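Below, each structure is written out as structure tokens.
In the two complexes below, chain A is the common chain; its partner is chain B in one and chain C in the other.
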Partner chain A sequence: MSRDIFIKIILFVFFSILCALILIPFYAVTIASFKPGEDLIRYGLNLSFDLSVMNFDNFNYLFTGNHAYFTWFFNSLLLTIVQVVLTLLVSATVAYGFSAYEFKGKNFLFMCVLLIMMVPFEILLLPLYTLTHNIGLMNSYSAIVLPGIASAATIFFFRQYLRGVPKEIVAAGRVDGASEYGIYMRLILPVMKPSFAAMAILNGMNSWNNFLWPFMVLSDSGKYTLPIGLKTLLTPYGNNYDLLIVGSFFSIIPIFILFVAFQKYFIDGMTAGAVKG
Partner chain B sequence: MIKKFLYSQKVAPYVFVLPFIAVFIFFWVYPLGSSFGMSFQKIQLGQEASWIGFSNYEKLMGDGVFLKAVTNSAVYMVLTLVVLIPFPMLFAVLINYKFMWGRDFFKSSFFFPALTSVVVAGTIFRLMFGEMEGSLINSVLGWFGIGPVKFLKGQVTGFVALVSLATWRWTGVNMLYFLAGLKNIPDEYYEAAAIDGASSLQKFTRITMPLLKPTTIYVLTISIYAGLAMFIESMMLWNGNNSPKNIGLTIVGYLYRQGIEKNNLGYAAAVGIVLLVITMIINLTQLAFSGMFKKEE
Partner chain C sequence: MNKKSFTPYFFVGPHLILFAIFILLPTIYGIYASFTQWNLMNDPVWVGFDNYKTILFNSDSTFYTQFKNGLKNTLLFVVLTVPILIVIPLMIAVALEHKKVKMKGFMQSILYIPGLISISAAALIWSLIFNKQLGITGNIFGSTVAWAANQPYAWITIIVLTIWGGVGGNMIIYRASINGVSKDLYEAAEIDGAGPIRKFSSITLPSIRFPLIYTFVMTTAGAFNVFGQPLMMTDGGPRQSTHVLMMYIRQLAFGHGESIAGMASAMAVLLGLVILVISALQYYVMNRNAS
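Let's look at the complex of A and B:
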């Protein structure tokens, strides 16, 4: 028994050290958000907890200053909500089509879903960029939302989930004379509810943090999302650290709160692809 | 009449999967095809294109900057694989030990970094790896009497910063993948091994590792993809797409530079096609070697 205690202590110490290493950057950015920007330029990001230079000026500036931070924040929020709702509904519908029916071309189409997951999205950047330019969708949110609306990973996850839903539900619906779409809307969607949480979180996180494609599409600073806005604070001519650090700190908070509240769904959503059904 | 047609059991499945077909054709097949076509053209946004055959590819083969970018992406991918597969696997096994204190707390805190955007994480790491004496990493090195290092000015030290950033963000996520895989291994296997007098190391190499293979393949596949397609991490660390002597330039970075910054779309498309081919070859080889294709169906 004493050997178990020994192992227990060793493991605990080991993981505590790892954990401290992982949390250090968060600690550093948290205390930096209470320090003046010049401090950061002069000394870099560090761990010194010096109350004499720390104050609430940055937070004061964040909430009352003349800048676009909260415009970006609400743009991100709006875009995330729209993207999550549309992606979930569309992907769930597609997944239901794949799971409930046998039809010509089904296997081929599903192979396409799997294929998409293996092609780096980055190589589509240029053709999508020219396409967006040619159909006049530059600087619009549609250009950001549309390409991702039938998300392969989400379709895959929902299809796996639907495999566990008894086929009798559909059969019973048909006996009652419901139409194919009625069955989906009134009988299947309610049953799928639990699986929506994990995918909402996964898509929401991706959307909240999405950077490259929106960065290429959006040119009007009034439409910027939070990551783009924060990025523009770093310029070749000088960096607006006062807002950048406190803004970065503040941008993590909503996701942090969601994570603490819905931890299980985060983990389900993130690891959904790894466990093959 | 139309209503009856749309509502029949034969047509309904196509209506359900229609959004996917539309997105697939419009946002994948068409762009991929046009990318392929563009790679044989000299083309600029808003100008007439002209066909130039394989010139773009020929030029690429002799383009030192492109070869630099390919090397960087490949080295980065290999380094992330070396760090981000064995260690998370080991941590998952250790944290799963039956008498572990604070398991849930550790699991969540390891996951925290994955919640940050690349922009925020990149900014934090850029400042932590700053060249001033007082910046975090240099002040730690200072305790050991090592002078301030200009991390982002050197090839090796620059990659230390890049790989640290990836390690910080993905260790926890990969650990969770392996933990999910461990859940599928029945306890009886270990009990039977214990009766036969197997050591912990034997249990790990003979039971855990082989049975974690599907998870490992999954993590390997997404890590290869993520490693080869990395761009924003480098963009954030070097505050733009230009690093000294291109030490941080990646394939996607070069695609972006040629396509967006220089409006050299045909040439950039060729870069994209090369990236696609490299990714596909590596991933298909890896999947073939691990016997993934035999197991399907």
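Let's look at the complex of A and C:
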């Protein structure tokens, strides 16, 4: 029995250290968001939970101060919602097309979609930039949303999921005389709901955190998204730590709430392609 | 019947149009551009293999040194992070399966949280932690090193950030696949007197072969595309020793002065080729050894 206790202790220590390593940065930034910026500059980022210097001034400034934080915040929110809705609709439709029908060139087209997943973004980045410029989409949200709709990963996940959907559903629909679109809209889409949740969260997270491409396309600071806005607060002339820390902290909150509420779907989305292979 | 034969194209059509305009054509154009002299604004001028020759063989040219240094640093990043990002998550996933571990779900959630936040927020937090004046390393551990400006510390900051953010993703994949392994196998092995190590090597590892290959290939491809971590933690320093290939590519195309997009495209294509070849090789070797 002493061996059991030994294993128990080892596991406990192992996981305690692991959790501490993961959580310390979050703890530090949470604490710092309650402290004045001068405190950070004078004493640095630290772990001391000192109530005498902690207050809600930063949050007060975040919510009432004269700055663009919530413009960025709602830009990000809008962009994320539009991106997720469009990507899911288009991806689900194309995945159904690939899984339900046999047609000429099907395998070739599907291979194309998957192969492009392997191409480094930088190869298409430069031409995409000129293309966006030439069709006059610079500084517009369309330029961010449209290329993202063709999401190979999402199509792949949906197609895997549709493999598990019994073919009888489609056959039954045809017998009942439903049109091909009717079958898709009324019979298939409802069955796909769980995979929608998983992909909504995966795409939503990527869109919310997306940095490089929006950063290149958007030039009007009123249109900035949150990650870009936060980066503009880091300036060569000293950083606005009051807003920076509390702003970073607050930008994590929406994703975190979603994660806690829909954890199962996060995990489904993460593992869909890898596990069911 | 004729009507029906068009139906599939209505389903896949809208996506394929977007795919062609925003992904496929730019990719082809990008490959074409790698054979040209191009400044992003004017029409590209065809120069054949000149860009590639310069990058690969002209040791007097700065592009040659940049490519060599960038590729070297990128490879170093891959070699330093990929094994850790496979082994540690696998260890954690196996340890989490132990009967004695309580609150498995809670633990898994905590490990995954860093994967949720954007690279800019994560880099901001960690660069503060490693900051010489402001950071925890200085405040608590009394370190006086300017981490981002000295080697090997600059690499350590980048790797810590990468592993902190990346452990959860692979761990969740391994856990889900280990959960899918039939319990009967383990029970049968226990009856035969197999110990934990034997069970791991004879049952767990072969059963999760596909997820292992998948994560290995994906993690490696991701590591070759590394950009955000060195950009925000060290900005390529000290003395360009953490300047990865992706940073040179971006610099050439969008840096100060006139854009050298043709050269940048050639480097991007070479990087893409390296990734494709290595992914294919990994897949081939792992798949063959396993069966």
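Assume the second predicted complex is superposed on the first by the 272 of 277 C-alpha atoms of A that agree within 3 Å, B and C clash if a C-alpha of one lies under 4 Å from a C-alpha of the other, contacts with A are read in each partner's own complex, and residues count from 1 in each chain.
To be clear about the criterion, a contact is a pair of C-beta atoms (placed from the backbone, for glycine too) under 8 Å apart; a residue touches a chain by one contact, two chains touch by 3 or more.
Nothing here was measured: the structure is a model prediction, and the numbers come from that model.
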Fit-or-clash call for chain B and chain C when the two complexes are aligned on chain A:
clash
With both complexes superposed on chain A, which partner does A:Ser221 reach: first (chain B), second (chain C), both or neither?
neither
One more residue to check, A:Cys112. First (chain B), second (chain C), both or neither?
both
Where chain B and chain C land on the same part of chain A: residues 4, 7-8, 11, 14-15, 18-19, 22-26, 28-29, 32, 40, 43-47, 90, 93-94, 96-98, 100-101, 103, 106, 109, 112-113, 116, 118-131, 146-147, 149-150, 155, 180-181, 184, 205, 208-209, 211-212, 216, 227, 230-231, 234, 244, 248, 251-252, 255-256, 259-260, 263, 266-267, 270-271, 273-275
State the interface residues of chain C toward chain A in the complex, per the touch definition above.
4-5, 7-12, 14-16, 18-19, 21-27, 29-31, 33, 40, 92, 95, 98, 100-101, 105, 107, 109-114, 116-121, 124-126, 128-129, 131, 133-136, 138-140, 164, 167, 169, 172-173, 176-177, 180, 210-211, 214-215, 218, 221, 224-225, 227-228, 246, 249-250, 253-254, 261, 264-265, 268-269, 271-272, 275-276, 279
In the complex of these two chains, what residues of chain B are touching chain A?
7, 9-10, 12-17, 19-24, 27-28, 30-32, 34-35, 38, 45, 91, 94-95, 97, 99-102, 105-121, 123-125, 127-128, 130-132, 134-136, 138-139, 168, 171-173, 176-177, 179-181, 184, 214-215, 218-219, 221-222, 225, 228-229, 231-232, 236, 239-240, 252, 255-256, 259-260, 265, 268-269, 272-273, 275-276, 279-280, 283
Per the touch rule, the chain A residues reaching chain B in their complex are 4-5, 7-8, 11-12, 14-15, 18-19, 22-26, 28-29, 32, 40, 42-48, 90, 93-94, 96-98, 100-101, 103, 106, 109, 112-113, 116, 118-131, 133, 146-147, 149-150, 155, 179-181, 184, 205, 208-209, 211-212, 216, 226-227, 230-231, 234, 236, 244-245, 248, 251-252, 255-256, 259-260, 263, 266-267, 270-271, 273-276
Name, in rising order, each residue of chain A that touches chain C in their complex.
4, 7-8, 11, 14-15, 18-19, 21-26, 28-29, 32, 40-41, 43-47, 90-91, 93-94, 96-98, 100-103, 106, 109, 112-113, 116, 118-131, 146-147, 149-150, 155, 180-181, 184, 205, 208-209, 211-212, 216, 227, 230-231, 234, 244, 248, 251-252, 255-256, 259-260, 263, 266-267, 270-271, 273-275, 277
